[in-house]
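Structure first, then comments.
Letters A, B, C and D mark the chains as written, and numbering starts fresh at 1 in each.
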Amino acid sequence: MTAATLLIPSQSAPVPATAPLVSRYQAVRQQTEALCRPLLPEDTVVQPMVDVSPPKWHLAHTTWFFETFLLGEYQPGYQVFHPDYAFLFNSYYNSLGSRVNRADRGTLSRPALADVYAYRTHVDAQMLALLQRQAELPESFAALLELGLQHEQQHQELLVTDIKYILSTNPLAPAYLPASADAPVSDAPGPPAAWLPVRGGVHRIGYEGAGFCFDNEQAPHEVYVADFSLQNRLVTNAEYLQFIEAGGYSDFRYWLGEGWELVQQAGWQAPLYWVRRPEGWFRFTHHGLRPLDLAAPVTHVSFYEADAYAHWAGARLPTEQEWEIAARQFHPEAAAGTFLESRSFDPQPLPADAAPDQCHQLLGDAWEWTYSAYHAYPGYERAAGALGEYNGKFMINQLVLRGGSCATPESHIRLTYRNFFHADKRWQFTGIRLAR
Amino acid sequence: MTAATLLIPSQSAPVPATAPLVSRYQAVRQQTEALCRPLLPEDTVVQPMVDVSPPKWHLAHTTWFFETFLLGEYQPGYQVFHPDYAFLFNSYYNSLGSRVNRADRGTLSRPALADVYAYRTHVDAQMLALLQRQAELPESFAALLELGLQHEQQHQELLVTDIKYILSTNPLAPAYLPASADAPVSDAPGPPAAWLPVRGGVHRIGYEGAGFCFDNEQAPHEVYVADFSLQNRLVTNAEYLQFIEAGGYSDFRYWLGEGWELVQQAGWQAPLYWVRRPEGWFRFTHHGLRPLDLAAPVTHVSFYEADAYAHWAGARLPTEQEWEIAARQFHPEAAAGTFLESRSFDPQPLPADAAPDQCHQLLGDAWEWTYSAYHAYPGYERAAGALGEYNGKFMINQLVLRGGSCATPESHIRLTYRNFFHADKRWQFTGIRLAR
Amino acid sequence: MTAATLLIPSQSAPVPATAPLVSRYQAVRQQTEALCRPLLPEDTVVQPMVDVSPPKWHLAHTTWFFETFLLGEYQPGYQVFHPDYAFLFNSYYNSLGSRVNRADRGTLSRPALADVYAYRTHVDAQMLALLQRQAELPESFAALLELGLQHEQQHQELLVTDIKYILSTNPLAPAYLPASADAPVSDAPGPPAAWLPVRGGVHRIGYEGAGFCFDNEQAPHEVYVADFSLQNRLVTNAEYLQFIEAGGYSDFRYWLGEGWELVQQAGWQAPLYWVRRPEGWFRFTHHGLRPLDLAAPVTHVSFYEADAYAHWAGARLPTEQEWEIAARQFHPEAAAGTFLESRSFDPQPLPADAAPDQCHQLLGDAWEWTYSAYHAYPGYERAAGALGEYNGKFMINQLVLRGGSCATPESHIRLTYRNFFHADKRWQFTGIRLAR
Amino acid sequence: MTAATLLIPSQSAPVPATAPLVSRYQAVRQQTEALCRPLLPEDTVVQPMVDVSPPKWHLAHTTWFFETFLLGEYQPGYQVFHPDYAFLFNSYYNSLGSRVNRADRGTLSRPALADVYAYRTHVDAQMLALLQRQAELPESFAALLELGLQHEQQHQELLVTDIKYILSTNPLAPAYLPASADAPVSDAPGPPAAWLPVRGGVHRIGYEGAGFCFDNEQAPHEVYVADFSLQNRLVTNAEYLQFIEAGGYSDFRYWLGEGWELVQQAGWQAPLYWVRRPEGWFRFTHHGLRPLDLAAPVTHVSFYEADAYAHWAGARLPTEQEWEIAARQFHPEAAAGTFLESRSFDPQPLPADAAPDQCHQLLGDAWEWTYSAYHAYPGYERAAGALGEYNGKFMINQLVLRGGSCATPESHIRLTYRNFFHADKRWQFTGIRLAR
């Protein structure tokens, strides 16, 4: 449902100096507003499906997070900006009281967008004042501040995908950003994928470093896997198109039962945003309707589609354990994937000279569905208080995705990062990597 | 569902001169925009229930009506302002092709509000140019123009009620207009109602004049009614409060079966917009939350509530035939009700010196539920073409309401006017007048 | 929802002697059981749609009616047969406490069918004992007994139609009764219908006799109608087939708005029970699947279909006032329609020598949809107590049907009888007669 | 969704001799009929919720399985008993064509129960004839026969739980079997549970023997687990009652998010079938309403309740790997649990002298929810053809349960057996064992 997860502050982590934290705070907050700049006030209000939140809500909810968990806790005598905002902008914390039904977020025209920006300005001013006296504050302050920033980065990704969905359902098919006329689109598939073998046995997974991680990446622990192989890149649009053309969407044998029911009931015949026209396949993108890029990774597929594709292709999806073991082994030092900062808003084809014996696109481009239920790691404990609701209560009926996407801020992602969505969701930048 | 109905131009009607028509066109169009002026762009987009349309949609749909039925028909070579607007802003005309689902109007952030105003400006300029050469146009032009103006007046009423509903569902309870601090609220019931006897027999009802009427007011015809009496004013909040306090909402005996099921399922305990607080009853209004005005007419009641109240009070609702017969007999020359132009946005108490032997509030203040199904009058014929869908196809499962409301433009209402809604609807300014 | 209605005992009615009443009681009760005799226990339990009740429920509910309203009231010290049966077999009387949800009647395997028959035997024995001492009982007893018998006759009709529906949804298409191999089916349309003119003016309608009637037929009152004509017979399958073949189900112009939505959503392309096969049209009947009888009246149409057919045919449906005025004028002394007692379970074609200047099929064969909402007659009052719920609370959102059907007991029907159903219902034997 | 799973015949398994197979065939088939003997025909038809199938359907579906997979494959020229039964009694095999909607099984009164028994008799006669010539048949025949028997045993368990549910929703609360008046009910909790430590490391799980297993128990493989402890018995009603009395159902902190939503929406306040009365807690059982047995294992809890209970108790649920590792270590040679054959139809308290250092109730009594998603084991492959749908397509959004229940035939269960249900299901005999 949501990618938000909880900070377990590493005990040995050095408390960052005030100066860089102030800069990071300002940079993250400005990034959010920059993403909303191309929108009209009208765009920031609507909610065409329940999973999507209006951009105005994201702008306010992330601010409410700092107000509630930082200002409310560490600034003595802090008065909330508005007494009703906690009701309006609490997402899902039962500990913090009642709230607007999620499905009704798109019926609320007020507070005005301008009021929400005033809210941000107010909270930012207070936060910056608080940051000036960080030296006096307990260590938990820095940990919660870090969590607030990571949380806002998660909502930056959701802003990107929610904006896309909002514009996509409009019959006018408006573009979030104009496409440059000469933006290249590959009309040929790239080179075939290669299989990278991984030696099985007992491996260790989970976060062990000194930096930030979410609680669901804890604790590090041993797992046993058999030998396996992983493809060295994501499945491409060209490859997925072969599945479509081979009748993949009309043959129940490739599908899980609940997936097959959904395909029939919803009438799916291609990934979300694909449009078939007399002149060929197109996709709705942040730059409007664009021809299908054959060499680019396929995205906006549900777990059901990823799994069916894998069956059709004679392979399977990796488990999250396999993914992390392989990623630790193969991931190059310098991540070269496509992240939010590129503003390309779509996963990108591999360069022609990509080395076949390296593993590409592990971070960025598209979240990779794994065949692992999103459950707690051994020894996982929910934190006390409201933040105990951040991650733990979602650990049922969802699947783990790994690696981040083209909508993920580069500084936000890690090899141990565990994202999670229900099997039917397609509006995130979700893709496929095969294992066998 | 909608109050819109179709013009049958009276053959003997004098074609109005160009000058006044231009003035009326401009006045009506400006009235619509004036109603939207207090709104933010955000307010014009949302749709908190399916019956409500976003104000932006009303602004565009009324414009589409002129573009389609006037410019498209009488201006040779007219090019539509935007090729997709017919899909976006057609309300329910199957004759004119497919359209956005009614329930999805609130998911559309585009066209921007500014684009819709540009659309209005464009169509107005074209219409004014066309009006200059009205003398050359066939008589049907004037009839359709009249229909377009009446249609826009109907949407002015819907704008008033839809805006109220949109703001009412917001936890911030924002006011459309600020309330003047000293706005009076009566804290005592007014004088008791009087019964006005009406002699039965064969009477004639239906529109017979030379001016405009909708097709559903045609044809004039005879009806037989027995002797009856009608109350000389609308039921007040004070009277309705007695029904509530007597347990009216928890005693099935007063209710129609489907009404009783609805009361239980929806948890109704008072009219729409009523709020019980420790210090007494309040109502949400266009001026925010205000104390209950005891002497004012009750409004925002469903037919089920009106009918149950009448049973409890030992009376009944009038039929539409009774209403019209009585109204023809009693309605004073100068209508003194409360209309849209008053900008009071609520029905008003009778003045203390209101004559008990006169019939008050027949026009304006609140639509009066009748115990008459909305069916065709004898001899009614649907018009050919798209306008045949204006009224006729709604003639099932709805009830007739008479007399207009505080949201009705004064020039729009007549004693023969037939409005219609389903028995469960409450967001219009609907009230109660008793018969026996 | 239901055709049940309330007795207003005529003050001047002679109290019938005990002997015939006993006979009528026994005859009516045996008729119900005779209708259930061809069923298996399994058939008596299921409920394939919410409007249909399991036959076992009908057997018990009619018995509960006598137990509650007769034995419970007039037999001192009467102990109910089973303490839970009131909860199980109360249909819709809020006055008599809570009850099983209507939609859940088909989930109840107990009491066993045998237990229900034992319940009938018990109540019948008690009733017959009570009837022996009828002379000592107040007059109200006879009136309620009459109501109980009329009520059971109403459920006989529902048994016929519910059994048909239950068997029709079974893929095995089982026949309630075997068809005789040589049962004739007309493969040619009958003679054309003739129009019978009726003079308008003030007429009197409503029940005025000394026998039994339901409260909704009261009080007799004057109505005004203009001159009109009525067809001398019901619309036939051959005529309705022309409407189908002319594309009636795919042209919105003939349909009321809510009807058109339903046609599209439900995929209706013909009346209920019609099946198109390579060799022609068939209908599911009480005798299994049978070829369409072209000369027989069309039946199992909704009001929407009846209304759309009438529009297509350039006519309209009569109002219930018109129907009753014409019926009083034209109905022959000796009703010759098809009733329950014929056990034909389908409306029958007119004989070849039917007089064109007479009005046929007014009683029996098929209920005739009128264009009249089911509202209270002037002066109607709901009775006090539980029986006040019999008819009055259904007087909203339904349409009046007149004349009875092939499933109506002949002794049950009258020219003033007002049946009522929602516009979308098709599982009763509903048909069409045109007016203009 | 269903517990049915697919046979992978072990290559080295000796083909059983004809004689014992005939006996087993007859014994299994008779067991099914014996379970239905106390039912009325009426009981065998209804379906009070979609997960439940009418007993008549189970009787026919298990027969259809033998007809389709055995007679249809191995008996040349076999004619099906009825051409429509495949449509009626196919459960979920897309490979075998269309079928009745699962939710509509309870609307079908035909074929009659007697017809279904005739179907069983016919197929049994054919099967026994076929078994006479088993020596001539390929080895695959024995494997499919085994599967058919295992399949029918799975439906025996469903019969037990579906019958319970059918009777429980009836306001008459009928008993399936009479309770002996002196059946003991413990009114005191048993001795406290003990923790049994298990040493972690790499262990092997999955079926490795020479007998029958389902495909989802394959292939045996290594897993790594850390040290853990398991309780030596199931959680009791007394213990669960403490959770209820401590407010467990009204404190969101113990619950997974989707579970908490369900608790509030469905109004759960105790396990399924629990009834609070002035004199204490009761449970609906196969013997009618009975006082709560404090020492007996709690059952009819959803995964959400099991998980919330574990949180409240400061423990957790075991994974299926942990369960199997511990069960292999602790399970005594002679299983002493409560199985279908006991006809007790409820899990039983531990004997007072149960050894605290042994692990009890591993097999039988109640299915134990594990914190493991029902996914494929490494190397799992769906079989070709229709039987590939038996297990594999359900491997999403369900949780594994281990150990069988009091409704499981003793010969049907194994330590490696993997049952699976959605987290919200409660109508099976599901219970709780704690780990930490």
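Note that contacts are C-beta pairs under 8 Å (C-beta built on N, C-alpha and C of every residue); 3 or more make two chains touch, one makes a residue touch a chain.
Everything quoted here is computed from the prediction, not taken from an experiment.
Taking CA atoms, the transformation carrying chain B onto chain C includes a rotation by 180°, reported to the nearest 5.
Chain geometry summary: the mean Cα position of chain A and that of chain D are 39 Å apart.
Rounded to whole angstrom, the centroid-to-centroid distance between chain C and chain D, based on C-alpha atoms, equals 48 Å. If you average the CA atoms of chain B and of chain D, the two centres end up 61 Å from each other. Shown for chain A are the residues in touch with two or more other chains, of which there are none. If touching chains are joined by edges, the resulting network of the protein chains shown is one closed cycle, each chain touching exactly two neighbours. Touching chain B in their complex are the following residues of chain C: 1, 92, 94-95, 202, 221-226, 252-253, 255-260, 303-304, 371-373, 375-376, 378-379, 388-389, 393-397, 423. Looking at the complex, you find that chain C touches chain D at residues 40-48, 56, 84, 87-88, 100, 104, 106-113, 166-167, 169-172, 174.
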